[in-house]
Structures are given as structure tokens and as C-alpha cells.
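Two complexes, one shared chain (subunit A), two partners (subunit B, subunit C).
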Partner chain A sequence: MDEMKSVVLEYIVDEYVDEDDDVEVDFDTALISSGIVDSFSMVSLKVFLEKKYDISLSDSEATPEAFDTVTSIVELVNKHLG
Partner chain B sequence: MSNIGSYEERLKDFDWGIAKEVLGWENGELLNIGHICTDRICARGQAEKIALIWEGFGDKKRTYTFGDLRIYSNGFAKFLRDQGLKPGDRICIFMDKIPSLYFSFLGVLKMGGVAQPLFSAFGDESLEVRLESAGTAAILTTRKHVKKIRKILDKLPELKHVIVVEGDESKLKGEEVFFDVEAAPRVEEFDAYEVTPETPSVLHYTSGTTGQPKGAQHVHSSIWGQALTASWVLDLRDDDIYWCTADPGWVTGTSYGIIGPWSLGVTQCVLDSGFTSARWYQFIQDNRITVWYSAPTAIRSLMRDGVEPVNAHDLSSLRHLASVGEPLNAEAVIWSEEVFGLPFLDTFWQTETGAMMISNYPGMPIKPGSMGKPFPGIEAAVLDLKTHEPIEEPDRVGLIAFRPGWPAMFRAYRNKPDIYRSKFAGAPEGAEPDELRTNTDLWYVSGDRASIDADGYYWFVGRDDDVINTGGHLVGPFEIESALVEHEAIAEAAAIGKPDKVNMEVVKAFVSLKPGFEPSGDLELSIMNFIRKKLSPLAMPQEIEYMEKLPKTRSGKILRRYLRALEWGEDVGDLSTLEDD
Partner chain C sequence: MAYSDKTRQAFVDDIETIKKRGIFKEKRFICSPQGAVIDVEYPEGAPRKEVLNFCANNYLGLSSHADVIKAAHEGLDSRGYGMSSVRFICGTQDIHRELQDKMSSFLGMEDTLLFPSCMDANAGVFESILEPEDVIIADRLIHASLVDGIRLCSAQYDTFKHMNMKHLEKKLELHQDKRHRLIVTDGVFSMDGDLCPLDEMCELSEKYDAMLLVDESHASGFIGRTGRGTHEHFGVMDKIDLITTTFGKALGGASGGCVSGRKELVELCRQKARPYLFSNSMAPPIVAGSIKVIEVLSKTTERRDKLEENTQRFREKMTSAGLNIRSGVTPIVPVMLYNAKLANDMARDMYAEGIYVIGFFFPVVAAGAARIRVQLSAAHEIEHIDKCVDAFAKVGDKYGIIGMDKKAIIDKYGM
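The block that comes next holds the complex of A and B.
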């Protein structure tokens, strides 16, 4: 669980946060509601999760709420991994 | 009784002069939009009235009166003038929906500059194209976004001023200048620039099928159209609390997120944070919002989240809802009536039209799924696809067109008179923009298709070109394709819109790869993120299909329309020009 959280967090920091941004992102930082990740960019995050963990996330699951923190994202992925 | 009263009655003997009555205008007043939305409201005794209720992420909340709006727009106007900027200079506003965006927009107009707002999610390449085209002299931004400008600054010789309005001053580089209007000395008086009705005001960029985006130039007299439609369609009244969800990087966010409501002295709310249903409903509840102007994509996202979050909030303050950006499907209209007790009323207009053109009006019977009827004073038609003659019989699909001459009409595409001319059916060869926009024998052709039913209601069908409408924003396929082939793995590319339940369309890319590259999940993600950063999240392909070779005409042109027809399950048409293999 923690390893997965670290992988997802690293991807988000690499792709969505600029090096000299003042933003500190941790497992519980709001991503969507803070505007760090916008709703269109959520799709590339979804694709990352699907490829990385070989799962398929439906549109009804990939909501802004479910994608709002690393913790909630990992919970969603774990549901699929059983 | 609504402001418009009876739509049918308003059609009789309509004259745009009624906009002046709505504003209480007296002859000899200064027309400048920046002045009208601030100084004029204060002079009418409303300096203490709340103009802006702003909320950002993390419980940040600020309120500003019209008096504040006047002082801070004065502050920007004076600062820009002191920097040596002159009337007519294009001044870009590139920031999130923070209060300084609104102050600076009005300040630019007050000092006679041309406000060029750009969507803050644009990547450096999207930004460069638009700044270069506009010959932009100054850009106002924040520390969060200034990095994109640094990447392209040496390619923009006309861009002399980079002004950072928020963030840490110590992190500025080179010749960047810091200006925090709220911390600066208050500027109590600023003599707004004396404009004529035809003085340029706002420059908005819009995408087409071919070539790079075009700058649609608007003028100060657009305010007559924006104020009157804000009154009659949005039904804004003195005691309303109004929320326009659009970003001022796009035309809705300036025409109806700044000019329309503030010219009428109406209090408006701005929420600068990411979208979640619960956050939006909370915002409405907390601020007792009465009039809400949003977009189908947002409405369908709210629908997807169901009634539970609706029922968890007190939304009883709402009295009028409207929508813009793409056609509002009947299901969304019916749903909003069920859950809010009010239907969203669809409105249709474009960057080029500057103000609403076809709408559903308070009090007029609604046909869910219809765009409504033309605004009084707007002569509209659907034209035969080939002859460009108005179609008389009901329910036949044609091109939506308008007779030129309405107040908010765009006056030119910046430096592109030929493209401007091409938008007018029957335009004489070589005619200049000023001749075209006043020639009421012509039709301005919108680029959208619709039919008109026997009762005069318009029904949207789709674009007449390859422009992609995603989430209510137009994205040009050429711009995406040009960026795609800059990716190291891509040999050739085509971009189309594919159907999407929430966004109407999303971008789909077809690509062929260079030797040595193979399709893979990692490559797909790499391409998506490449476009997201270079152009914008809106332009990012949400699906990528790999092809050995893209279909082309014998002359080598990629057949984008063929790919689109296949995607949409439509007739692929005449394939006689398709390359044999």
C-alpha cells in the first residue's frame, strides 16, 4: 500500500508539479479540488494507473472525488486489485 | 416579471438604443468599458455595494466593493501607463481566476490598452503562438505561470514587459517587474482613456480548422450587446448574486463574467478552485447565489454525481439558470428542472459574436434540447449548405448565419483580413473588414449547423468544420497535429473530436510512428503528457490510435474528415481522392 502510494505520488509530482513550485504534495494533499490536477488532465492520470496496475477504471469510478488525493486514488486501485 | 417581459413584444420595433435605457445612460457619458464597470457604478451611489465575492482553494475568501474595484483598476491603469504602455497596446492577462485578473482587465481598458486574456492552463507553445500573433507588448501574470513565459521570451521581441502580480517578489528573474495592486498606494483618481465606439477593447483568440488560432478583435461599443443580453437573457437585477463559472481566458468569462454583470452593477461570485460537485453546491449555498450561468460539461458532471450532493445542500436561493459553450442536451434540461426546480436555459453565441445570439428567455416556453430563438435585433437564418440562401422550410439542416451589424460583433481577425472575409457569405472580393461588418446584404456564417422548427426554435446539429468542441472550448486540430509531430516518436498525425458523454467531444489522435518506435502504454502516456504541457489539458488526446500509415489524398493531404466519419459511424463520403494504398 505504502509503496503504491509512493509510486503514485512520484508520478504526480513529476508530471503535474513544477520543480520550483511552492506546492508541497503528500498523500493527503487535495489534487483536483486544489487545481493541481485539472479535470481534463485526470485522464492521463487514469491512463497511468490503468497501465501501471493493469486495471480498467470506469468513468463512474474515475470521479474528481476519487482522484482528489493519493490516498483515495490508491484505495480505488486496491479495490480493483482485490 | 422578468426583465425581458414578453419576448414576442420585444421583437416589435426593437432598437439597440434600449441598451442605453437599461443602463440609465445619458448622452455625453464616457463609453470606456473599464470606466462603466467601476467609476460609473460608484458615481451612481453604489461604491459600497459588493462587486466581487471571491473564493479560492483552502477556505480563502475575499470580498470587494465597487469602490475597491474602482481603486484597484485605477491602480493597474496608472501602473501600466507609468511603465510606458500606451493606448492600443495589447496587454495579455495570463493568470488563474484571482482578484487581480478582474482588476487588471478593467485597468487595461481604462488606460486604453487592448486586453488579451489567455487561459492560464495554456502551455508555452499555445502561449507563444497567441502572443506573437498579437504583437503583445506586456503580459500580466503570477509566479506560478511566469515560468512558461521565460521559456519563450527570447522568441517574442515585441514583448517588453513581464509583470508578476502575485507571489514571491524575490523569485523574479531578469527584467521582470513585480506589482501587487492591493499592497500598492491607492489610486483614487484616474482619468479613463476617452475611447470611441470603435476603439479596440478585448482580443480573444479562437481556433479554426486550418492554421493557427485567430485573434477576434472586439471594441468598446460591444457593451451595448453584453449589457442588454445580461439583463434580458440572464435576467440580472440589482439584488442578484450572480455566478458565471467561465474562465475569463475565454469570451464567456469576459462578456458575462466581467462586462455584462458589472456594467449593470450586479454582485458576482468567482470560485477559483478545481471542480467537485460538493464544492460547487457549497459555494452556491454559502453565497446565496441567485443566478447561475454555467456550461453543459459542468452540468453533465453534476448529473453524473446524482441528487445526493444536491440534497445535502440548501440551493433554494437559485432563481435562474443558463448555460453556454456547446448544445445543452434535453436530458440535462429535464434533470435540472427535477433537481433544482429550474431548467438550465441554453444560450448560443461565439467568440466572434461577442454576445448571446440565440437563446431561451425567461418566460418563453422551452423545448428541451433547443437552442431557443434569436435575440431581438439579431437577424438569424440557416443557410443552404451549397447555395448559402436562407432555408425557408422547417427542420432542414443548414449553416447558422447572422446579418452583420450587431453591437458586440468582432471587428476583425487580427492581421487576417482574408480569413475575416471568408466568414461572410457573398463577400465581395477584396472587401475590407469595415465594409463587411456593416453590409447587411451579407451573412456572417458561424461555422455551426442547425435546423429551425415550425415554431421558430433553433436545433443545433454540429460544427460545419473539423474544429473540436471539448468541454465548451474550441480546439483547432491543426494546432494539435503540429504539436504531435514534434514528439520524437511521431511521424505523422491527425486529430479529431470523438463523442464524449460529459464533454460532448474529446480529442482523439491518430498517429503513425517513426522507425524504431513501437506502440506501448508508456508511449501513449508520453504523448498525452507532451501535448498537455505544450498546448493545454484541453488539447491533450484522451485516446491515441496507432496506424501504420494515415489515410491521405493522392496529393498527400491527411484525410481528417475520413477518420472523423469512421469514428462517428457516419458516411465516409466520396473516397475517389483517397490514395490508392
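The block that comes next holds the complex of A and C.
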């Protein structure tokens, strides 16, 4: 679980945070509601999760709420992995 | 009665939620032609007040230009008021063809297709040329109308960090397995006034076999030595595949937009773009006025030169006065305040000083990046600009932010 969280966190920092941003992201940082990840660019994260964990996330699952923290993202992925 | 009290209450609650979030848009009425000096009724019902307008997209001051108004009158007399048709049935006049040809020549593109607005052009262009095996790779801060158009089309999409060419290159490498790649960007970004580095982007598009679409709505008419746009500024006029732009900003400010570019891509828009196929033609007086605008701008660079001088004066004086502005060269000048309430309060006080500007904050801009966006115009005179700077200095002093950098403002007011 923690390993998956670290992988997802690393991807988010690399994909969404600029070098000169004064933003620190941890497992429970609000991503969508704080504006670090916007709903338009959320697609990169969805595709990353689907490829990395060989799952398929429907639009009804890949919501801004479900993608709002690393913790909630990992919970969603784990549901699919059983 | 379908609209029951319960139904009504649900919508009333929605409106209240918008108000509670602090993003409710109030009514403001302009009781004069658009220009540097306007009569405004605000709040609704208040006596009219004459203010200097620093928030219009009237970059070249052509919205109420005598020659444009005269041309629109002549268009009204010679071609009528409206077409009562979409373009492809019986809504295309000779003047629509003339404006398209003039735009192709002005922008340096092969062909052009008019749309009722640039919002419509952006809504229709992607669905017309791309399929599910293609990918769109877009800057994260592109205009909302491009986002909507991308979401309406069946192609896959991905995004890259704002103006980050390394990240774009990474995404281009990632998507080499797709049939077509289309990079999408604004030429000038409307909230920050940033100029997209189109020269670097063109190199990447060639290296990775990608097409390039640029929305030039905040650039056409004044960016580049002769005002052709961002592609002229960066010396890549022959390397852009598609431009979308508007007649609703610098180019007269009325309405209408277009897709301009490679002739095959424009032809596909003519055949398939739903906003083109299912919405009325641009009205004849607006087409006639827009033709005059392009004629005026093709003859002289006087207006874009004045805009450039005004922009330089404003940026220099604001910096000297100790206001924290985002650096750049375009007439979009964000005065950075970071805190939403501060941006709103200062905009209100600026209005009291006779300067019409607006505060912008999340979700319109990134969280913690609230600002007042100032837009310069060739219609502004030196005394207008100086009055605006003086008002910012006075209001900024009231809030104790003069000479403060980002950290100091955030320490004082929070984000």
C-alpha cells in the first residue's frame, strides 16, 4: 500500500509540479480541490494508473473527488486489484 | 406546472452556492460605445459613472473606430442585416469569401473558414480532423473553449506543463505510437499574458511529426512586427498548421471567429464542423466591418505600435511605483496580489478612483495566484495610463503592498 502510494506520489510530483512551484505534496494533500491538478489535465494521471496497474477506470470512477489525494487514488486502484 | 416550488428552490440553492464561493458575477452595464473612456452603471441601478476602461480586449481601439463603423453601415445597406441561414445552405455572401481570403493573406495561411465565434471554431476544429487513433497534446493553461473542443472530439488527449518544452517533448515521445499528433497552445495566454515559445514548439513539432494549432485570439492584430500574431513574432509564419482566432477582440471587437491553416484541414472543417454546419453565418455588417479592420491593419502598423508604447509605459511606471506585476511584453498585465479578497477589494477601490479593472482568482486562475488583470489599448492616451498607475499606487498604498514581493504580500494577506 505504502509502496503504491510512493509510486503515485512520485508520478504526481513529476507530472504536475513545476520546479519553481512552492508546493509540497504528501499522501493527503488535496490535489484537485487545491488546483495542483485540474480536471482537464487529470487524464494523464488516469492513463498512468491504468497502464501501471493494468486496470480500466470508468469515467464515473475517475472523478475529481476520487482523485483528490494520493490516499484516495490508491484506495480506488486497490478496489480494482482486489 | 413543471416548474414547481421544489424545482425552483433547487436552482435558487445553486445560485446561493455560487455566491457563497465568492464567484458570483455581478451585472455591469456600459451605457456608451466601447472605448478608453466609458459610462458605466454599476452596481445595477447606480448613477452612471465615467471611468477609464482597462479591462477590455479592445487592444487596437478599433471597437468604435470611425472607418469600421462606416464600413459596417455600408455592409448593412448593401448586404442586409442577417442571413437567416447557416453558411452552406444560403448563408455565404461574396463578402464572407472576401473576409476569408483577406484573413488567409493577413495570417499567412492557405485557407480560412469563418465561424460565428472563436469559441465555435475551437468547438468544431478538433472533431473535424481527428479520430480515436490520434492524440491531442495541449498546454495546461489553454483557453476554456479549446478544452471544450478537445473534450467534444473522439481523439485521445494529454497535457503538458504550461510552456514547458521539456515536458512537451516527453509527451511527444510517449505518443509516437499514435496516428496523428496535434500540439495545441494559445499564442498569448489570456490570464498571464505569456507568449508561447512558438519557435521551440515548431522545432519539436517537426522533430516528432506533430501538427501545431495555435489560438491567436489575444495576439491577432498586434503581436509581431506587423501584427500578424505570435507566429510572426517568433519568425515561424510558414510552420503553423492551424490558427484559430477571433474578430471579437483586437480585430474590431464585434463577434465572429475563424479557423485558418492548411487547406485540407480547413476543408474538413467546412465539411464536418458542427458549429459551422448548424449555426448562423456572421452577420453582413460585422463581416463588412471586419474586412475594413484587416484593410486598416494591412496598411499601417500605427495602432499596434501605439499599443506597444502604451504597454511599455504602463509596465515601466507600475514597476517604478512598486506594484508587483508579472513580467512580459504583451498588453495583458497581471498585477499580482495572490489573495482573492485583496484582488476583489482593490478592484472595487480602483473603480472608486475611476479605473475599471477586475480581480481574478481561483478557479479562473490557479489557487493562490489572484490578481487584477490590466489590459492596455491603443485607444489609451498617456494621461489615461498615468492616471491608472497613480490610482494603483494610491490603492496599493492603502493596502500596504507597495514595494512588496510575492512572499511579503502572502505573509501579510495569505493566499
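Here is the rule we go by: the second predicted complex is superposed on the first by the 82 of 82 C-alpha atoms of A that agree within 3 Å, B and C clash if a C-alpha of one lies under 4 Å from a C-alpha of the other, contacts with A are read in each partner's own complex, and residues count from 1 in each chain.
Here is the rule we go by: contacts are C-beta pairs under 8 Å (C-beta built on N, C-alpha and C of every residue); 3 or more make two chains touch, one makes a residue touch a chain.
Worth saying up front: this structure is predicted, and the values here are computed from it rather than measured.
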Combined model on subunit A: subunit C and subunit B, fit or clash: clash
Partner chain in contact with A:35 - subunit B first, subunit C second, else both or neither: both
Winner by number of subunit A residues touched, once subunit B and subunit C are compared: B
Partner chain in contact with A:2 - subunit B first, subunit C second, else both or neither: neither
Partner chain in contact with A:18 - subunit B first, subunit C second, else both or neither: both
Partner chain(s) touched by A:44 [first = subunit B, second = subunit C, both, neither]: both
Of the stretches 78-86, 294-302 or 366-374 belonging to subunit B, the one that collides with subunit C: 78-86
Shared subunit A contacts, counted only where both subunit B and subunit C touch the same residue: 18, 34-35, 38, 40-41, 43-44, 47
Contact set on subunit A toward subunit C in their complex: 16, 18, 34-35, 38, 40-41, 43-44, 47
Interface residues, subunit B side, partner subunit A - complex: 57-58, 96, 121, 144, 147, 168, 171, 272-279, 301, 304-305, 470-471, 501-502, 506, 521-522, 524-525, 528-529, 532, 537-538, 540, 542
Touch list for subunit A against partner subunit B, complex: 15, 18, 20-22, 30-41, 43-44, 47-48, 50-51, 59-60, 63-65, 68
Residues on subunit C engaged by subunit A in the complex (per definition of touch): 138, 140, 147, 157-159, 161-162, 164, 362-363, 366-368
